[in-house]
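One structure is given below, encoded as structure tokens.
The letters A, B, C and D name the chains in turn, as written, and every chain counts its residues from 1.
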Amino acid sequence: MTLRAAFYKQLAPEARASGISLTNWLIIGLVLLSFLFLALETEPTLTSQPGWRRTFNLFNLFVVSAFAVEFVTRLWVIGEDPQYRGLAGRIKYMSQFNSIADLLAFLPELIVMALGIGVPLIALRILRLFRLIKIARFVPAFDVFSAALSRAGSQLLTALALALMLVYLAAVLLYFIEGVGEGNEKFGSIPRAIWWSVATLTTVGYGDVYPETVLGRLAAGLIAMAGVGVVALPAGVFASAFSDELRERQQAATARRGSVDAPSAPPD
Amino acid sequence: MTLRAAFYKQLAPEARASGISLTNWLIIGLVLLSFLFLALETEPTLTSQPGWRRTFNLFNLFVVSAFAVEFVTRLWVIGEDPQYRGLAGRIKYMSQFNSIADLLAFLPELIVMALGIGVPLIALRILRLFRLIKIARFVPAFDVFSAALSRAGSQLLTALALALMLVYLAAVLLYFIEGVGEGNEKFGSIPRAIWWSVATLTTVGYGDVYPETVLGRLAAGLIAMAGVGVVALPAGVFASAFSDELRERQQAATARRGSVDAPSAPPD
Amino acid sequence: MTLRAAFYKQLAPEARASGISLTNWLIIGLVLLSFLFLALETEPTLTSQPGWRRTFNLFNLFVVSAFAVEFVTRLWVIGEDPQYRGLAGRIKYMSQFNSIADLLAFLPELIVMALGIGVPLIALRILRLFRLIKIARFVPAFDVFSAALSRAGSQLLTALALALMLVYLAAVLLYFIEGVGEGNEKFGSIPRAIWWSVATLTTVGYGDVYPETVLGRLAAGLIAMAGVGVVALPAGVFASAFSDELRERQQAATARRGSVDAPSAPPD
Amino acid sequence: MTLRAAFYKQLAPEARASGISLTNWLIIGLVLLSFLFLALETEPTLTSQPGWRRTFNLFNLFVVSAFAVEFVTRLWVIGEDPQYRGLAGRIKYMSQFNSIADLLAFLPELIVMALGIGVPLIALRILRLFRLIKIARFVPAFDVFSAALSRAGSQLLTALALALMLVYLAAVLLYFIEGVGEGNEKFGSIPRAIWWSVATLTTVGYGDVYPETVLGRLAAGLIAMAGVGVVALPAGVFASAFSDELRERQQAATARRGSVDAPSAPPD
């Protein structure tokens, strides 16, 4: 096996029947760590300390370099795959969604660092979220999510339509009871009442808005008792589609592995 | 095909085997947009600006005209259906619940506009909710909702009876523990304690009312641990009836479409 | 059919194959109304008005008289049942739990009224809750509830043990993080932290107590993400037992009715 | 049967086919009582009263002595089991996790008491949590918990990954909408926004942090409507694994008991 083939086996998820290679686990870990640092970097009590600032800069330099090296290596080893061979193949590979995300995950920040701009800009930080796409390739969870969405399909839409209608009607009712006239200013318009309605029917209940008149409380109590279930419907529909999807995949994976193992594969 | 037949095919949902015609999608969109504007129109920070006020007036004029045109057209094309032919048929059609809702969705507002009253009244706004019935005709969600209600039937009633009893008894208990004597005024009567009880057992928990004595917190904690599940029962019963109903309909629809497609229908 | 037999058919639930007689529906309605009035009577803004006070007194007089008449009638008609015939049978009937509850539902209040004490006492009001037992006889919901409890049995206990353990451990953890030392007084002891823990893990979240240190919020966030599911376990276990119990009963009732209808019963 | 054999039957759970012996029920009760006292001992309003302080000291003395006696007895009777016979067997038994937990449950506190230090230290109190392991031996709930965790396995991980990703992305979004610039300080960094995000998506909703701008409320409302279901996914996955695990165990236990009962066991 050539060096390039060995690297290919480590980097390309499609080179393995199942599981994630050590290198890709490291990349996942690095992306998750970079999300932790992205969060910490926004905390003013930390960025006001020179020690933390230096740590953030060093870590960012390290991550950007690592992803740059990873990108170049990936571009080199992809030649193992017949369809990406030669310059034409590399250009084809580069124009894929995943490759562009790989590039956006480090290039803008690298340019800013090279130009010597010290303070990272907000736009740069948002670009870091493209690193999520890097790991979405290895982790089936994101894939299951969208498959479950499309499986739930019309059921989910029906449940959502009912939930949204209830949220709207509850808001209209409470607006007329609580907000019209010289009433509770927090119910002073339908959009404001929708804020109450969402907070109540999802059972979040921040407590910044609640009815204060007797009639308003009566209506809110009845709406809450009856409505909490309706607004939870989409969640239930999605959860059941998600669990069905996962079960079927596991059964398919077990079946596939069985038939793959049968014609005994050579050890690697 | 005559012009009237073409319009009939666009407007009458019963003229199609399944799906929603483009015209009816536009009507649904217009109704949803009118609900968005109904909400925005109640927001004082918007209505105080002349620009927004003009937008609201123009939009209302447009919607009312559109629904008036739709109503007249619908009245004309319904003649395609044998049972609504002629003047007698039109009167029969006009006396249906759906047609009256169609009328109420624009006529009162049209009259007010014609008489030149600038500010729309609250009663007028409530009448706009009749537009919901316009779209309920096309969207099966509302129909599924009531079917699920009647399917859950006695199970739902039993679960609701238990939930309401628990809410009442929890309120009585906390009233005696917290409210009697010179206690917490927010538990000063059973109706007030019911407000706490509903907010707690639905897990909304606004935080405007909560027990403050040791005994009250002990009782509230035990009630919350045990009671949250009971009050969520009706929601669970309804959710399962809703999902059963939807699944059966989809199976029936698939079966029906299969048998309709079989005797190959002429292309339209 | 004698008059006594006719009254028996109206009053005794065991005299009917299924359903509830008109008289018993009226009794259920009266009990529910008396619970509404019990709630309203505790509201100081109502009891301070002479009009409402008079209404309350008249209503209580009416309810107590009605239940007294019902009790005496029930005692008379029960003679239709062979096992309660004669004086010995009546004494046997009177010593049953249901009959004692029937008695407690009106007798103490009747005595107080006869002795001319105007203001109803709190103890009297609590006795009114015995009226719940009156209607529990007719409504299967309460019966299903206890059957579901015993069916869930050890599963429910296991889930409850886990939930309680989690609530306790979460409270201990947050007490050590937030409350020890000169910290947040609301976490100043384990019992106080349990109040937070119950409010959080049931997702009620009143907002009267929440962690304020960084470490406390980190711990609370992780506990909430992981623990909400565990504390909801007993609710889920009970809900599933409840719905299984109800389904089986309905199937049994359908089967029973089928076999009863078969040997065509004489019309009544 | 020798005295040691009789004690062994009472103390060792493996000596019984099923159920818990009276002695072990007493130990469970004592552990639970010691947890109640551990909680009460941290409450300053109680520890400031000499009467309560004396009660706490007496109770602790009693519990520590009882567990010391239990430990010594257990060490004696374990000789009934062939693999723990003699001194070597006792050393083998002592080096088990359960035995060390048994020791930690009383020894440190006993030493402190013997040395005459009156005030119990916080570290001592934490050691009392080892008593949980004492009862975990008898109660299958803890065992079912971990079995359910490993059964849910990759499904649970997938659901958790989605939930955590949603919590993070919701926090990033609200940070950019509400916190950047001279905005709401409670959204002033991503970690702070995560605190809001966890409280909202678990539906706890303390109400200490919530968006205040129109755009923030719009985003928060949409996130809450859509996200509550996703964050509840791990709970649902775990609940279903837990209930499957329990059902299978009960079936296995019923089957096992059947085959044990068959070759009629001698009465004890």
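The working rule: a residue touches a chain if its C-beta (ideal position, glycine included) is under 8 Å from a C-beta of that chain, and two chains touch if they have at least 3 such contacts.
Model, not experiment: these values are computed from the prediction.
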| item | value |
| --- | --- |
| Fraction-based call for subunit B against subunit A, same above half, different below | different |
| Chain whose Cα centroid lies at the greatest distance from that of subunit B | D |
| Computed distance of Cα centres, subunit D from subunit B, in Å | 45 |
| Whole-Å gap separating subunit B and subunit C, where each centre is the average of the chain's CA atoms | 32 |
| Multi-chain contact sites of subunit C, meaning residues that touch two or more partners | 191, 194, 203-207, 232, 236 |
| Residue ranges of subunit D touching subunit B (in the complex, touch as defined) | 203-207 |
| List of subunit B residues in touch with subunit A within their complex | 35, 38-40, 42-44, 122, 126, 129, 132, 139-142, 144-145, 163-164, 167, 191, 194-195, 198-199, 202-208, 231-232, 234-236, 238-239, 242-243, 246, 250 |
| Contact set on subunit C toward subunit D in their complex | 154-155, 157-159, 161-162, 165, 168-169, 171-172, 175-176, 179-180, 188-192, 194, 200, 203-207, 210, 214, 217, 221, 224-226, 228-230, 232-233, 236-237, 240 |
